[in-house]
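For reference, the structures are reproduced in the following blocks.
Shared chain: subunit A. Partners: subunit B in the first complex, subunit C in the second.
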Partner chain A sequence: MMTAGLRSLLLAAACSCAMAGAAAAQNLTIAVGAPVTSIDPHYHNLSPNNAMAAHIFDGLADTDSRARLVPGLAESWRTIDDTTWEFRLRRGVTFHNGSDFTAEDVAFTISRAPNVPNSPSGFGIFTRPIAEVQVVDPHTVRIRTRAVYPLLAVDLSNVMILDKETHENATTEDFNSGKVAVGTGPYRFVRFAPGDRIELERNDTYWGGRQPWQRVNYRIIVNEAARTAALLAGDVDLIDQVPTADIARLKQDQRLNVSEVVGLRIIYLALDHSRTDGSPFVSGPNGEALDRNPLKDVRVRRALSIAIDRNAIVSRVMEGAAIPAGQFLPEGTYSHVPGLNPPAFDPDGARRLLAEAGYPNGLRLAIHGPNDRYVNDARIIQAIGSFWTRIGVRTQVEAMPWTTFIARAGRQEFSAFLVGWGSSTGEASSPLRSLVATFNREKGFGASNRGRYSNPELDRLLEQALATVDDEKREKLLQDATRVAMEDVAIIPIHIQKNVWAMKRGLRHDARADELTRAMDVRPGG
Partner chain B sequence: MTPPPAEAAIASAGLAPAASREETPLRRFVADFAESKVAVGAFVVFVLIVLCAVFAPWIAPQDPYDLAQLDILDGRMPPGTMGGAGFTYILGTDDQGRDMFSGILYGLRISLMVGAGSAFIAFIVGTALGLLAAYFGGRTDTLIMRLVDLQLSFPSILVALMILAFLGKGILNVVIAIVAVEWAYYARTVRGTALVERRREYIEAAECLALSKPRIVFRHLLPNCLPPLIVILTMQVARAIALEATLSFLGLGVPVTEPSLGLLIANGYEYMLSGRYWISFYPGIALLVTIVVINLVGDQLRDVLNPRLRK
Partner chain C sequence: MTVYLIRRLMQSALVVLAMTVILFLGVYAIGDPVEILISPEADQMERERAIAALGLDRPLWEQYVAFLGNALRGDLGRSFVFNEPALKLILQKMPATLELALAATVFAIVLGLPLGLIAGLKPEALYSRVIMAGSILGFSLPTFWVGLMLIMVFAVQLGWLPSTGRGPTAEFLGVQWSFLTADGLRYLIMPALNLSLFKISLVIRLTRAGVRETVLMDYVKFARAKGLSQNRVIFVHVLKNILIPVVTVTALEFGSTIAFSVVTESVFAWPGMGKLIIDSIYVLDRPVIVAYLMIIVFMFIVLNFTVDVLYSVLDPRVRLQDQKA
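Up next, the complex of A and B:
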């Protein structure tokens, strides 16, 4: 009697569990750490916004989880001559409101993207090289660039295609309210509650095939501990930006899976190259002012680089959520330099190099960095301070909020400072152009070269690469430029972050190198 | 307004200066204080904490502020682990390989120094302004007391945050911020007491003798206002320590390489969920014990120094 009752009870429990499981399998709840600021895909060029836009909209091209270019709304493209590209568009694609996707929409999108009012950081950088858009027929577009521009397709993968009929004169507010939040993407927009959540519904007529999730609830939980707690409590199915301190514990949890991939964000130290006569935070071993800037001496820079035990930083500070870096990009990406390894840890060699450079008694130096921007940023600079102090460079460590820090770094106020760079294009021209090319506002070079490093040879190789359409030749030139930068210790690379997600067991996630968190990468089973 | 009995006025006027010379009131004070065993125990613990802080460089196995002595490979070791430097981390290490025991001893130094220093400066500033307000009255009084009202109407942490945002980080700036937050408590208390005292006959007598105003205020009025101020001073030391810890926890206080208790707690905060409790736990205990013993001593002082509670 007792056992029968118990058995039926268990059976009922098992049934209800299975049913709950089946119902839940239709829906997916994701919690992300960074807020989406708008649904307008051309308003703010920000990773969280771009991740959300990828659900609702499509670009002409797309990138896969390893940041390689794949076809999107354009089935194929080719260059007709050095400055003319032809895109062949996918046929039979419709927007969520039923209107057809045609070449006119591409032309409209390219005219709208750079002209969104009040955009905090716009999409003009991707459309600037374009001189003219020519509609050949409803399914063919020709784009002429102002100069040779090999990255056109890569850049256009960031620009989401809108519908001319629907979105002419549409404002950013119209997107946020849902009035015109229609695209060609795998999910339809349902609701946007800024700072809280975005609700999505499957687009059953998606050209790329039906998604496994009926509804997607895309929640924003900025607080790290709360995000982890929400996953542990079963409130959400997947979280991104797992705090490094929690990774080990979540991996051990039987109810959870962790997915990770080496990302495209390098964490590095920039050094002051802008001054020849002394640097503001560098002084002699007893605090005396120096009449020249030791950081201009490549031996000093190399000493500072090899004094850092990158493996210790990766294993202790990052708890394995990074790989030691010796160049801008991880292995497996376009223009990664094979054989250019992270500098080996060699404190004795560092002391010798310092003595050779004329500083046998060491130096004093202050290192600056943010404390709220990159994963474990303040901890990393403390660890570096400790490594440098041990080779006789007495280091003072100063961590500050990002907004203060980046303003001061941009005014060349620091001598050595920690920053990061995410190569959104997944190839080396992005970091080379922004971080180490000679600062030149007109050319758009060195925009984030806050140490003002300058090397004519590197500039020459880079300009040559940017004018080379042939992928293989360009890769070779980018590799050469990277090698020049690294051998001259233009920057001190520390590590490349891993992007880490955690999810309920029973979900499979294709971790993306570009940090984007998307429902399309999550599948049941696994 | 009935004037107080003449005897009382004479007694208080005569006793205050004579008290320290004869030592009997001091002895009585000690005896009164010793009535509470808890307070005596708290006082002993407090003295021990102060001694630990003062002699930290000789007790601590590691100088936690010397980056060259930290080994990151010893980071986040649990309590009782033998480190690479040849001594045992009895309370474990933080993420940089900093010995928590040494870190706490040095952190206590900062906490006590900032706490006592800022409370004492606030005491001087607040008392001076409060006495001025009470003695001169009129516009001076209005001006100072409205300033006090303004100050007390803002949450103290908010005021301190604004000051630090403006002045920047650093121990000295933390002291300035705490003084700016706390002086008002002294000013208000001393004004209240002084208003009562200044109507008494001994002040009138001093005024009749044509003594200079500073002399009347500081030699006659002030000593008679001291007892409640001493109580507030002890309480405010504890408050200042807590405020410094809060500011450091928020990353606005001391530099990251010279952590005080608040920053040590902040450093370990992220590891609480992952089971590495000791990074936050032990500094937290040290902070807790320090503040509790100071408050216990302060409570007993209040009872002893309050004539209404005297048997």
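Up next, the complex of A and C:
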């Protein structure tokens, strides 16, 4: 009797387990490390927000996991002349509330995107090149740019299309509360709890086909250890930003899978090019002030670059979650320069170069960096400091919180400092324009050129590239500009990060180079 | 009494005003929110637009005066990050934190009082020594580490409790609470226990010290001599008299439990005010930081005030009066 009771109890337990399993197969819980701050896709241009927006909304174009442009709400596009683009829109697409998607919506979106009140980082940077939007018919839009602008489709892939009828006068709060959180995307909005989670459910009438997950729970767990623990405890199915120290252990765990891909984020050192008569954190070998800035001498910059053993940093500090870098972008991307390899580790050569530049007894220098921004950032500058000390450049290492660091770096207070750059568009015009082009407000060049590097030759090549529509010719010009920057050691590239995700066995994830974590990249099986 | 209360209220108002100045200067001194919030891809023109949009192009005193004016009307500014009123954001998160702090206080009293009583009555016994050693650990182990260990043991190894987050909630008085659902309770246990470790230890030590002091008092000896039962002596004569310091400390600690739930909330991804403030500091969301700290200051002032008044109720020897020193 008792055994029978026990058996039925066990059976019931087994059944409920199986049922829970079936239900779980329909649902996906993701834990991400960076908070989503808004559902309004035009409020804050921030990777986590853009990743969330891609679930609910669509752009005219989209990018695949290798950051290549693919059609989105526009089936195709072509240039009619140098400044006019024609986009042919997908037919039969509806928003989640049933409203039709038409050319008017594109025109409305382009007028709304740059004008969201209080936006701390707007989408105007993507729409500024546009002079006029012309609605030809409900499924054709012509966009005229102010000047030749080959990146228009790339830029517009960042701008999510909204519905004119629904979103005219919609505020950011209306999106966050869910009142107008409707798009054309693969998932419908259910609930947003700031700092905690976003709940989504499948859009069964999605134009791109049905997604495998009935419900998606997109949770925010900022603490790295807690995120990993949540995966190990089985509370979440997939986590992003796996800490480098955990990767090896998670790979060995039979219950888990790890996906990784070389990303588009380069970690590099910026150097002070702005001063000619001495730099604040560089002094002679005995601490005496110098009357010139040694960092203006390309030999010193090259010496500092080849003194760094990039392979050691990648294998020891990054535990394999990066590749050594000799230029902005990894192999396989548009405008990567073939044959421009990471500088070889050569401490003797570095000492010779220093002596040639007039510093046979070395220098003293302080290197600065954040300690809470990039993967293992403080440990990277410590390693670099010891490499430099070995060639006679006695280096003092100072790591500080990002909030303090970036404000000081922006005021050109440092001599040598570690920063990172994610080229979300996956081509070299983004880093060239922001990091090494001469600081110029009117052209919008050098906005993040905190060392104030300036090279007329590079500026000329870049401007020429940005005015070249032909993709092949433009790629050649961008490669030339990259080569000029690297040969002149405008910055010292260290490594390019790998993006790492971990998930339950039984899930397949297409790892994205642009670091975005999206439910659309996760499938059952595998 | 009335004069005393009025004077206390005026002092409190001055403290609040002083705090606004300190806060504003302090928050202004750390970094530049636009550098943090803006997309790296943004060019100089977009940066200037963002600075103006957030009102950061105006001189500091002008920003302060505007803030003060709005604050008097109950508007503590709009979050840079969420584009919603800072006060609303914080109040939305408050129930989660209050619930956590209350649960922790309950743990502290339910576990701390009896354990302290046991340790105080039989100070030489082995179990008393174990309790006291445990309370030292509770004081000295860092909260985030204990939190992670709890997760590793109870969520990852044993799988008894969910690792992080706040479970399902039920509505009561227009607010969402998780202690009203069975599943929500499971989510509450670990973070509340983690948050209460320090408080449990504190209550144990206070109770033990109070008991040891009180049992030697003449009135306790007299009660014993009268032939009262052990239970009556302990629960009526001893416990009642040691409650005053325990109540004081627990009430004051309630404030710090709320203010310092930051660590526990981060480790357990508990969506409360503490987590909000950490996230806000990380991105220099000035309005939220200022609003949060203002609320905390306000709360401490109210708590201190309440404790002072409660004192006079609990202990007739204490009189609130205008002291002319």
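A few notes on this one:
The rule we apply is simple: the second predicted complex is superposed on the first by the 507 of 526 C-alpha atoms of A that agree within 3 Å, B and C clash if a C-alpha of one lies under 4 Å from a C-alpha of the other, contacts with A are read in each partner's own complex, and residues count from 1 in each chain.
Criterion: contacts are C-beta pairs under 8 Å (C-beta built on N, C-alpha and C of every residue); 3 or more make two chains touch, one makes a residue touch a chain.
Just so it is clear, the model here is predicted, and its values are computed rather than measured.
By the touch criterion stated above, A:Trp402 is placed in contact with subunit C alone, subunit B being left untouched.
By the touch criterion defined above, A:Ala225 reaches both subunit B and subunit C. Looking at the shared chain after the overlay, A:Ala131 reaches neither subunit B nor subunit C. When the two structures are aligned on the shared chain, A:Arg316 is found in touch with subunit B, with no touch to subunit C. For subunit A, the partner with contacts to more residues, out of subunit B and subunit C, is C.
In the superposed model, A:Asp246 lies in contact with subunit B only, and not with subunit C. Judged by the touch definition given at the top, the superposed model places A:Ser424 against subunit C, while subunit B stays out of reach. By the document's definition of touching, neither partner reaches A:Ile80: not subunit B, not subunit C. Judged by the touch definition given at the top, the superposed model places A:Ala344 against neither subunit B nor subunit C.
225 are the residues of subunit A that lie in the contact sets of both subunit B and subunit C, per the superposition on chain A. Across the complex, subunit C meets subunit A through its residues 30-47, 49-50, 53-54, 78, 80-84, 89, 92-93, 148, 151-152, 155-156, 159, 162-166, 266-269, 271, 275-276, 278-279, 281-282, 284.
Those residues of subunit B that touch subunit A in the complex are listed here as 66-68, 70-73, 75-76, 95-97, 169, 251, 255-257, 270-271, 273-276. Listing the residues of subunit A that touch subunit B in their complex gives 224-225, 228, 243, 245-246, 248-249, 309, 312-313, 316-317, 371, 378-379, 382-383, 385-390, 395-401. On the side of subunit A, the complex with subunit C involves touching residues 35, 37-38, 40, 43-46, 117-122, 124-125, 128, 172-173, 176, 193-197, 219-223, 225-226, 229-230, 232-235, 372, 402-404, 406-407, 410, 421-422, 424, 430, 434, 441, 444-445, 447-448.
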